[in-house]
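Next come two complexes built around subunit A: one with subunit B, the other with subunit C.
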Partner chain A sequence: MRPRLRRHVLPGFGLSLGFTLSYVCLLILIPLTGVVLRARSITWPEFVASVTSERALAAFGLSLGAAVVAAVVNGVFGLLVAWVLVRYRFPGRRLIDACVDLPFALPTSVAGIALTTVYSPAGWLGQQLAPLGIQVAFTRLGVIVALTFIGLPFVVRAVQPVLEDLDREIEDAAASLGATRWQTFRHVLLPSILPALLTGVTLAFARALGEYGSVVFISGNLPFRTEVITLLIVARLEQFDYAGATAMASMMLGVSFLILLTINLLQAWSRRRGALA
Partner chain B sequence: MRQLRFLLLLGVGVLAAGAVPVCAQAQPTVLLNVSYDPTREFYQEINAAFNRGRVGKGGQPLTINQSHGGSGMQARSVIDGLEADVVTLALAYDIDAIQQRGLIASGWQKRLPENSTPYTSVIVFLVRKGNPKGIRDWNDLAKPGTAVITPNPKTSGGARWNYLAAWGFARCRSGGSDATARDFVTRLFRNVPVLDSGARAATTTFVQRGIGDVLIAWENEALLAVEKIGKNQVSIVVPSMTILAEPPVSVVDRVVDRRGSRRQAEAYLQFLYTPEAQEIAARHHFRPRNPDVLARYRTRFPAVRTLAIDRDFGGWAAAQKTHFDEGGIFDQIFQRGK
Partner chain C sequence: MMAGTDRRTESRVVRWTLTAVALAFLLCFLFVPLAVVFMQAFAEGVRAYWMALVEPMSLAALQLTALAALVAVPANTLFGLAAAWAIARFDFPGRGLLITLIDLPFAISPVVSGLVFVLMFGAQGLLGPWLIAHDIKIVFAVPGILLATMFVTVPFVARELIPVMQEQGSEEEQAALALGASGWQMFRRVTLPNIRWALLYGVVLLNARAIGEFGAVSMVSGHIRGQTNTAALHVEILYNEYNFAAAFAVASVLALMALATLAAKSIVGRRITQ
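And now, the complex of A and B:
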């Protein structure tokens, strides 16, 4: 197709762009710049020392690692949940569909308290798991469980509409052409849902990385073992060390931004590749 | 266009209407008391009693709003602009932080009697039914095999008192030194399986989740737990020595001067020292300063040898720097305990 001059679809493009930019600035960029500016009130060596202390690195590693694991778990099981909800009709489907949103609506501290109650060694799931030698509450596993809990709706809600639009006949066609179930999934279904799935997983990951409310209850907050980075930031604030807290916050901001940017680029790349294929 | 002008006029009108009460606030009738978590019910009763007294003297009752949360978080809210007329927090360190930002005059702790602390508490132990581990004193907490529940002193102001009480005990023992105290708290914190972020969360971990053999807690929280869940489930053990937890109060000078509410705010805080308010404090499990009231509640508040933050630790600024700041002793014991 030859590029040609063409009017934009939206009327008043200048106005809407201006509005978008100022909205994003006001709501996101200005507060975040505040974080970075406040971190600048400490010197560079202090900044480096506070974000690379052994304890901060351990906490950051746990936050990042647990968020990745939780996002991947949500990617697999969220897709499954979405699939079941879209493709099957069974009594109570609407109810389960509504339940998926609960982690969105629930205050995270309530989620944390509820999960801890259930998974603590005296709780009724914890009791069943204890003889198997599995302890969830107050371990890293507990952190992952909490992060998985809060991230589930992101994946389900991102994938669901795409699955609904997916034409069943394509699957039938693939099957009639001799594709196995796995081949149908791998070459027919996955390419069309992958962008949505990636979006969901990314959102779940981003949400998990910054989570505080639910994690502090279930993790036990032991330094080097179950301490997440957000707890360390709050600990700094408790000491009225705003600079130290914002130093860590801006490091988190930087790393999250890089990760989200990478995923977005990957997505764009996979879309382009999908379009070529 | 006409509509727009009308809207504009309306907007100006609303703004003006909103501005009127600000101009005419000769007599503020609303106070905001920014406090920490476990004082909610206590101040509800205080507010009612204070207003009864005002009305009795022919005055107008005040609307006293309360805000509760973690002590440090509340202090930050005030620093960041929450319009508190008075602050009633868990430790002087948090009020010092507000003072350092110029919102409260220096020397605030000398303005009211008893270090500006109208009620106190001590740090005690809560143990399980029948005290199966035979916990009597601090050294039992550092023994191997005892699980101790205490919140994280880095995130909980209340928990700093717990830590300092343990430190003080070891320091004051015969042959005690900073080195033995450090060794003692290291062993004690090795016994801590869960470091909750706040005092209430720690109480929940111990009481509801059934984790740990002993909970280190403020006496008022411990008494409340016993009252709520029953004497046969948990009981209180008072150690041989503890620390006097002093939750102080102050007016926020910059706010009361701007709002013109200094007189009311000061009267409110002074009311806390009256026998009536002291009685309410005792009923809510805080140790009253008034000796007569304390004597009436002696069975609830047994006499115990106490350390004081100013006398024995050189004040909060020093204690904070030595023990709880980044790289302080608390961080170091976990560095090694890794």
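And now, the complex of A and C:
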């Protein structure tokens, strides 16, 4: 860290930190402690029962599985989209680049009804897939499609700046040493992109795991079949099963913390890579 | 591979194939769904579209969405400025922890974020009995919607400003102070102009999320039409009633705002890189 000359010269430390801490306490810390306190009033057997009920396990399994698949799909196609946007020139490139962030900007309920309409058997793309025996809407495939949509920008936006900063001379050197384009990609480019790619994939996974709005329409919400964990939490709350909802929500909170930790580690790795390059 | 091929870039066939696959992926996942929103919105004609929008419940929903944004955007902009000033300009114990706490709403599922407020302020919640005794309604009422919107949008401005301010350093600000500027003058004349594009960028993203938040708001709303129904929630209600044209009409307004956000984002983003 850079040494700071005359540390106390800047004003407003007390005011800004005081305001920040009060705001964070009131809006984030106290409500979250509320969940923990509430979860403590649930007995251990009750907690285990609601978290390991067959329906909850099925929902957890689907959420985890679909989020992993969606994150991997985004890892592959996100890298491809980032590569094409950074390296190639074609008409409409800037417009398409701007549109990559659409899943961030579009309300999830709008995304949800649009994807359901597109991929329902009568929809534009559903129609094309139906003769092949592929049904997307109201199946697990639909869940994956919605989660892929919602995670799309994360990988592209994580990889893009790294690709832009890559030194082309290293690629030229690899080529002049006789490497094929694929070898250069595999042994020279991929290792430098990897930390950013993994960060993007983890972010997409985290978002997919907790996603609600875009999934609720396309999944069909069949318990044991297409019900994801966030839908089950909502269902429990609607049945006034506060203990069940809280138990599953605290599990989700735990997973969120783990993911946050992973992302911090990945970013530290990324920075070290950047410092070495 | 043929001898004499330029190995520093891909062959034309590879380039075209990769571009085509990338665009096909974006077409299936982004552009077709976006187009469908507008197609479906006008499926029953322009008149039906207009009637669906000016219908009192839709108007009330759009108004509530505007109110949520009007509260969350200034509050979290102010918070982002204060947090960035404290974090980027000073060293104090627990700084890293504070950054993690600010980022937390991004890591938590919207459903859990909403549930947090139900467990705090709901009838069965920790403060429930006290609130009922004093006849204060937070959950299933407008204050709950505002709180949930504020919660999910906490990090936007802070996380845009912190890296920018850290990179800029405080030399210019210290110079202003040394030349006799007051703290407030320094902030207005030096700090604010230096961070204005990053600030605007954060505000654009914050505003988009405040308008579009669905999961968290859905948990605390209670879905009372005309009272606690935001536009994003109204889309769901209309859709579940099989009133597709009206659902997509309201959705198209939200989609237009999303497109405006993307336009603003790319213009402001270009300013930042310059």
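Convention: the second predicted complex is superposed on the first by the 221 of 277 C-alpha atoms of A that agree within 3 Å, B and C clash if a C-alpha of one lies under 4 Å from a C-alpha of the other, contacts with A are read in each partner's own complex, and residues count from 1 in each chain.
By our rule, a residue touches a chain if its C-beta (ideal position, glycine included) is under 8 Å from a C-beta of that chain, and two chains touch if they have at least 3 such contacts.
Note that this is a predicted model, so its numbers are computed, not measured.
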By the touch definition at the top of the document, which applies to A:269: first (subunit B), second (subunit C), both, or neither? neither
For A:17, using the defined touch cut-off, is the partner it touches subunit B, subunit C, both, or neither? Pick first, second, both or neither. second
Quick one: subunit B or subunit C, who's touching more of subunit A? C
Between subunit B and subunit C, whom does A:123 touch in the aligned arrangement: first, second, both, or neither? both
Quick one: is A:50 in contact with subunit B, with subunit C, with both, or with neither? Answer first, second, both or neither. first
Classify the contacts of A:217 with the two partner chains as first (subunit B alone), second (subunit C alone), both, or neither. both
After superposition on the shared chain, which partner residues are touched by A:138: those of subunit B (first), subunit C (second), both, or neither? first
For A:171 in the superposed arrangement: first (subunit B), second (subunit C), both or neither? second
Which holds for A:240: it touches subunit B only (first), subunit C only (second), both, or neither? both
Per the contact definition in the header, classify A:31: touching subunit B only (first), subunit C only (second), both, or neither. second
Quick check on my understanding: which residues of subunit A belong to both its subunit B contact set and its subunit C contact set? 113, 117, 123, 216-217, 234, 237, 240
Where on subunit A does subunit B make contact in their complex? 50, 53-55, 113, 116-117, 120-123, 137-138, 216-217, 220-224, 231, 234-241, 244
Within their complex, state which residues of subunit A touch subunit C. 1-2, 4-7, 9-13, 15-17, 19-21, 23-24, 27-32, 34-35, 37-38, 77, 80-81, 83-85, 88, 90, 94, 96-115, 117-118, 123-125, 145, 148-149, 152, 168, 171-172, 175, 179-181, 184, 206, 209-213, 216-217, 230, 233-234, 237, 240, 242, 245-246, 249, 252-253, 256-257, 259-260, 264
Within the complex, which stretch of subunit B touches subunit A? 70, 72-73, 75-76, 79, 97, 152, 154-157, 192-197, 201, 204-205, 208-211, 320, 324-326, 331, 334-335, 338
Partner subunit A, residues of subunit C touching it in the complex: 1, 7-10, 14-15, 18-19, 21-23, 25-26, 28-34, 36-37, 40, 78-79, 81-83, 85-87, 89-92, 98, 100-105, 107-112, 115-120, 124-126, 147, 150-151, 154, 169-170, 173-174, 177, 183, 186-187, 205, 208-209, 211-215, 218-219, 231-233, 235-236, 239, 244, 247-248, 251, 254-255, 257-259, 261-263, 265-266
